[in-house]
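After this come two complexes, each holding subunit A, first together with subunit B and then together with subunit C.
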Partner chain A sequence: MKYSYFPGCSLERNASAYHVSAMAIAEPLGMEFIEVDDWNCCGATEYISLNLTASYALIARNLAQASKETSTKQLVAPCSACYLNLKKCDAYMKESPSLEEKINTALAAGGLSYKGGTLKVRHLLDVVVNDIGYDAIAAKVTKPLKGLRVAPYYGCMIVRPKLGENGTFDNPEYPTTLDKLLKVLGATVIDFPLKAHCCGGHMTQISESTGFELIRRLIKGATDYKADLIVTLCPMCQLNLDAFQGAMNSHFNTSYHMPVLYFTQMIGLAFGMDAASLGIGTELVDARAALAKIGVEVPEAELVVKKPPKEALPMPSMPEEK
Partner chain B sequence: MSKERIGVYVCHCGSNIAGTVDVAEVSRWAGEALKDRGVVVSRDYKFMCSSLGQELIQKDIQEQGLTRVVVAACSPHLHEQTFRNACKEGGLNPYLCELVSIREQCSWIHPDKAVGTEKAKAIVSGGVEKVIWDEPLEPLRVPINPVTLVVGGGIAGIQAALEVANAGYPVIMVEREPSIGGHMAQFDKTFPTLDCAACILTPRMVEVGSHPNVKLFTYAEVTNVSGYVGNFQVTIKQKARSVDTDLCTGCGICQEKCPKKVIDPVFEAGLGYRKAVYTPFPQAVPKYPVIDRENCTYFLKGTCRACEKFCPTGAIDFTQEDEYFTVDVGQIILATGWDLFDARRIPQYGYGRLANVFTSLEFERLTNAAGPTGGKVVLRDGVTVPKSVAIIHCVGSRDKNYNPYCSAICCMQSLKFAHLVHERTGAEVYNFYIDMRTPAKGYEEFYQRVLEEGTHFIRGKVAEITDAARYPGEEGKLIVQAENTLVGKQMRVPVDMVILSAALEPRHDFKEVARLFGISCSEEGWLIERHPKLDPVATMTEGIYIAGCAQGPKDIPASVAQGAAAAARVVGKIQQKEITMEPIRASINQDKCSGCRICNNMCPFNAISFIEDRMVSEVNPALCQGCGTCVAACPAGAISGTVFSDQAILAQLDGLLLNNLKAIDLTPA
Partner chain C sequence: MSTVSVSLTQEGSRKKSFLEEVIEHTPGDCRLSSCIQCGTCGGSCPSGQDMDHTPRAIFAMISAGLKKDVLKSNTPWFCVSCYYCMVRCPQSVHITDIMYTLKRLAIQEKMYDDSKAPDFSKTFIEWVENYGRAFELGLMSMHMIKHNPFGVFKMAGMGMGMISKGRMAFTPTRIKGMDSLKAILNKAKELEAMA
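On to the complex of A and B.
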């Protein structure tokens, strides 16, 4: 199956492991991804609150670019924020002719246009579980994740709000597709009550203590349920739970250790792929101990010491700490 | 030029019509412009429906020799009968009177007087053209069979059956479950007086079971209905009981000896067990048990027969088969009741995942002295007494995601639960409500009583029920997260037990029931009454009545009142001995009918049948309600309706559209 693919900014940087693992499982699952040509930022979560028309035009530019692809009208985004923005923009343009007209006026400046409803915007999880299907995935599992207790974590953007005629692909309050997927992969899936709660989004930048509290709830919840790791599908969630876990721990004086991986990495592992080829090892909260339970070895990341170029000037020496 | 002498009467309806329609002008115009169509008198009057207004028409009929009458006033639903009677009194056949609506279809919907006046003229003109085609008709009369069928043996059906039976007429009651009693039999206490439900219900059940005028079919269903008011033929499927009711004494030994224990999803709401051979509860009427063949070891594996071995009268009969009976009845009362909303549809409330989240029906069984815990309020482990309980109102009601309507009983039911929890456990009780609705007699007083008992009332819709502890003190509890909208703050209340006051929903097979009996149901699935205020228990199908929750959510007093009301209607009809029916009917021209049968399935009243040997369809005039669906649908134009023949309708359209009217400018001034 062919899909237009919208990686989004985070998959190029902090969530490169998500991108790498998504690409790695594409072939065995029979998915062909065609990256949208010359795509731009989707505006993430903040921009919409500043200027609605401008932000929708920014998103719609991507839709216009993607709709040029003739071989598929399905647009896949692995990032929940990108997915929601693209889907929202498409749905609202279809719903409101006046918005569509405004946006197309803006797009016309770049020689582009887009008609709401042309593309079907999908999240990667939706494609994997509904197009590929649990049975096809089960058939490919060679190394079941037996004995690994995982907390499936969806975050808030993937199934909310209900948009368009068909609504969402899973229950907006208590989604279960990721649960089923992880069960198919052989993991022990805990019924994670916080699965659709907010990770804090960009709260860590705006109000640190609020952000930390939201992160604490999730990490504490997964720990209380004795999960070995959290599996997620959103780069924002992964960033908050992984990169800010240490800061959260020092804020609350706690010592949680809860690795956070992507569902694509879990599929890859169950398919018997090499951990490094799935970007495992790049997470900040070490998943080594958790993955050792299922016999996955993660090579030590090589410490790359860049040699300074010849022209480099010497670094100042720092005084010894007392 | 029509040879008829037509009178036109335009009603002011106070200011209802006169406010937006220049009635004097309409009347003047009709008298002049429609003169060559036969209009000889045209008048306007403040209230045509008053005695004086009616006398005006009668006087004109007699003095001016009117042969047709057009009244332009309100909807025919309201006063058609009034004006037809007036014409009859005046000596004119009542079906030569046409009531056209210039209120609902004109004055109430147009803000602009000029537009309203022009439209009223068009409507009057249409009425005049139509009335020319009207024919004098005589009402149909059919004899009525005094036997009444009551479907559903809950409290509404029981009440209806007893009222009819006590009036001296025979009743056939059909109940799907092995015993009558309905949901009320599951309850322990009833609000607001806290009477014991069984104490007030079982005497009525016994009376139904032993009444000489009542023939009771339990574990049975209606599978077919044909015929019409006064003369229905109903097929009843008696499911195989596997117990010979002539021999069975109801001793209960079979239930005692049966080795197969299964969860009872119906009477015990899934919270308790029964045997494979069972009566749902000790006071069941009739007393005879049934064998649940889907769970019986003998039917599954071919061995066991323990019940047969121990039965002292040899009443167990594994060879019984489903039986079908056809009975003739005159009228039918549907009291088919309600189903409980499946709380699993709101996953964030955790029902089905979190052990100590209960539904309202489960809790009813929990408090029932004959229930699985003998009336002890305990957690799902069967022993722990809760120290704190949250009761959530409006679960699946008043929520656009599930059911938009109010389930009417949940507030009072939740108050009753709060009282029972308090009384039996001393636990802290938290009621989460959206609005408190305690409108009936004694209800508000009960609310005050529960308030005084110290129940906490929190106004806010619950967002989530979770076992994920966030703060110290929450571990091992169910945490109810809600916004207290009176304080404007989010709150988390850790409790041991949660009770979901789930919505009342139409029976899962409401579509099937509506189709079977030829009646309609609302979007949600509640059966529709003839008029929501003035005819709440009749349906649009003559001879079929509805009572209790089948019509909409209601409590026991209201269900009983409806059951009795339906019975009163039935008895009133029986006492007339014959039924007068509107002669407005469709008829099929046998020469034109091609036998395509398109009309057969379209008829909402099942009035059209196909005559195999002649290969044509025929309308049963007693069943036909004159709706006109078949007339419009017939591709051969073979069906016509009395009073609404194609010619009459086309003439009315001509009148509406063409008759010398100024082009109406619909843009308001």
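On to the complex of A and C.
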């Protein structure tokens, strides 16, 4: 099946492992992704706090760009924040003719237009479990994740709020699609009570104590349930739980060690793909011990530092290493 | 006889109440006037303990016209956009959307004293408005220099980890259609100012 694909800023760099693994499983699952031409940032949760019309216009430029693609009207986003922003903008433009008119007046200044409801905005997990389906996925499993205890973690924006006529593709309080998917892959899935709780979003930058507390609850929860790792579907959740886990540990004087991987990486592993080709090894909380339980070896991550382009701003750079 | 100030100035033209103002600045049908003060929102809030007023109290204050107290409150700035309150609200009030509206109004009216959260949003968006994409290293370093200079040492380990794993770009990416995006955003800001 063909889909327009909106990677979002995180997947360009900090969550490139998510992008790489999504691309790796696309072919065996029969998904064809066409990247939205010259897409821009969705504004995350920041622009809407500053300027309503501009924030919706910023999102709508992406919808307008994606709607130019004639071969599909399905727009897939792997990032939960991008997914919700795109979906919300589409839904509110459809619901409110005055907002739609205002946004189109802005878009017209850039030679673009968008009609609410033209595209169907989907999260990558929704497409994988509902379009491809559990049976088709099960048929491709060659290396079941047997013996691995995983905590399925959904976070917020993939399941909440309910928008439009169809609401959400999974339950907003007790979602189960990722649980089922991981079971199909052969993992032992814990009934994680915090699976739809919040990772804190940008709070580590606004109020450390608030942000770290939300991270602590999730990491502690998964640890108490003796999970080997947390499986996520959002780059913001992964960043908070993985990259900020060390800072959270220092803040509370704890020593949690809970690796956090993407569901696309778990699918790839169960399909027998090589760990490095799925971006495994780029997480800050080492997943090697956990993955050794299922016989997966993770090579030492190579230092990848790209040289800045000539026209770039002067920024400090790291020496290239082998 | 002393004069009593009445909000009705002329027939048909009445000064907008704060409640109406909030509703008007929120996209879609936000249903704020349907709030029944049950408190489900506050009970569902993961960061409620850090707020100076619960969301329920904020909604009562909006209805009472306590504009200054509402816009000075830290409540919307501690909203983490988890949307739990919104799916649990028995009246389907678009609570998270209203929190965003309160942030915008607080910035517009220059009411909120702690600039840390508004500055984070502004710095984030400055990169987006000039390059079309977010730029994490630029955002984090600029934000920390301004608001948390000593945090640089605390976060150094994380930053170096991200860099050594190739997860932090040193330069922002600029989209091709930057001129078109700028024209769109300028027009949108013009329309917003007229609202």
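Keep in mind that, in the parts below, the second predicted complex is superposed on the first by the 301 of 322 C-alpha atoms of A that agree within 3 Å, B and C clash if a C-alpha of one lies under 4 Å from a C-alpha of the other, contacts with A are read in each partner's own complex, and residues count from 1 in each chain.
Heads up, the rule we're going with is that a contact is a pair of C-beta atoms (placed from the backbone, for glycine too) under 8 Å apart; a residue touches a chain by one contact, two chains touch by 3 or more.
None of the values given here were measured: they were computed from a predicted structure.
**Student:** Count the residues of subunit A touched by subunit B and by subunit C, then name the partner with the higher count.
**Tutor:** C
**Student:** In the overlaid three-chain picture, which partner chain does A:M23 touch, first (subunit B) or second (subunit C), both, or neither?
**Tutor:** neither
**Student:** Examine A:D224 and indicate which partner it touches, taking first as subunit B and second as subunit C; both and neither are also allowed.
**Tutor:** The first partner, subunit B, only.
**Student:** For A:P193, decide between first (touching subunit B), second (touching subunit C), both and neither.
**Tutor:** So A:P193 only meets subunit B here.
**Student:** Taking the superposition as given, does A:T105 touch the first partner, subunit B, the second, subunit C, both, or neither?
**Tutor:** A:T105 contacts subunit C only, not subunit B.
**Student:** Kindly classify A:E173 by the partners it touches after superposition: subunit B alone (first), subunit C alone (second), both, or neither?
**Tutor:** both
**Student:** Considering only the touch criterion stated at the top, classify A:W39 as touching first (subunit B), second (subunit C), both, or neither.
**Tutor:** Second partner only, subunit C.
**Student:** Mind sorting out which residues of subunit A both subunit B and subunit C touch, each in its own complex?
**Tutor:** 173
**Student:** So in the complex, the part of subunit A that touches subunit C is made up of which residues?
**Tutor:** Residue positions touching the partner: 9-10, 12-16, 38-41, 43-54, 56-58, 61, 91-92, 95-96, 99, 102-103, 105-112, 156-157, 160-162, 172-173, 197-198, 200-203, 205-210, 214, 243-244, 246-247, 250, 281-284, 301, 303-306, 308-309, 312-313, 315-318.
**Student:** Which bits of subunit C are touching subunit A when the two form their complex?
**Tutor:** 25, 27-29, 46-47, 50, 77-78, 80-84, 86-87, 94, 96, 100-101, 103-104, 107, 116-118, 120-122, 124-125, 128, 132-137, 140, 143, 151, 154-155, 157-158, 161-173, 175-177, 180-181, 183-189, 191-192, 195
**Student:** Which of the residues in subunit A end up touching subunit B in this complex?
**Tutor:** So the residues of subunit A in touch with subunit B come to 171, 173-174, 191, 193-194, 217, 220-221, 224.
**Student:** Enumerate the contact residues on subunit B facing subunit A in the complex.
**Tutor:** Answer in residue numbers: 346-348, 350, 353, 466-470.
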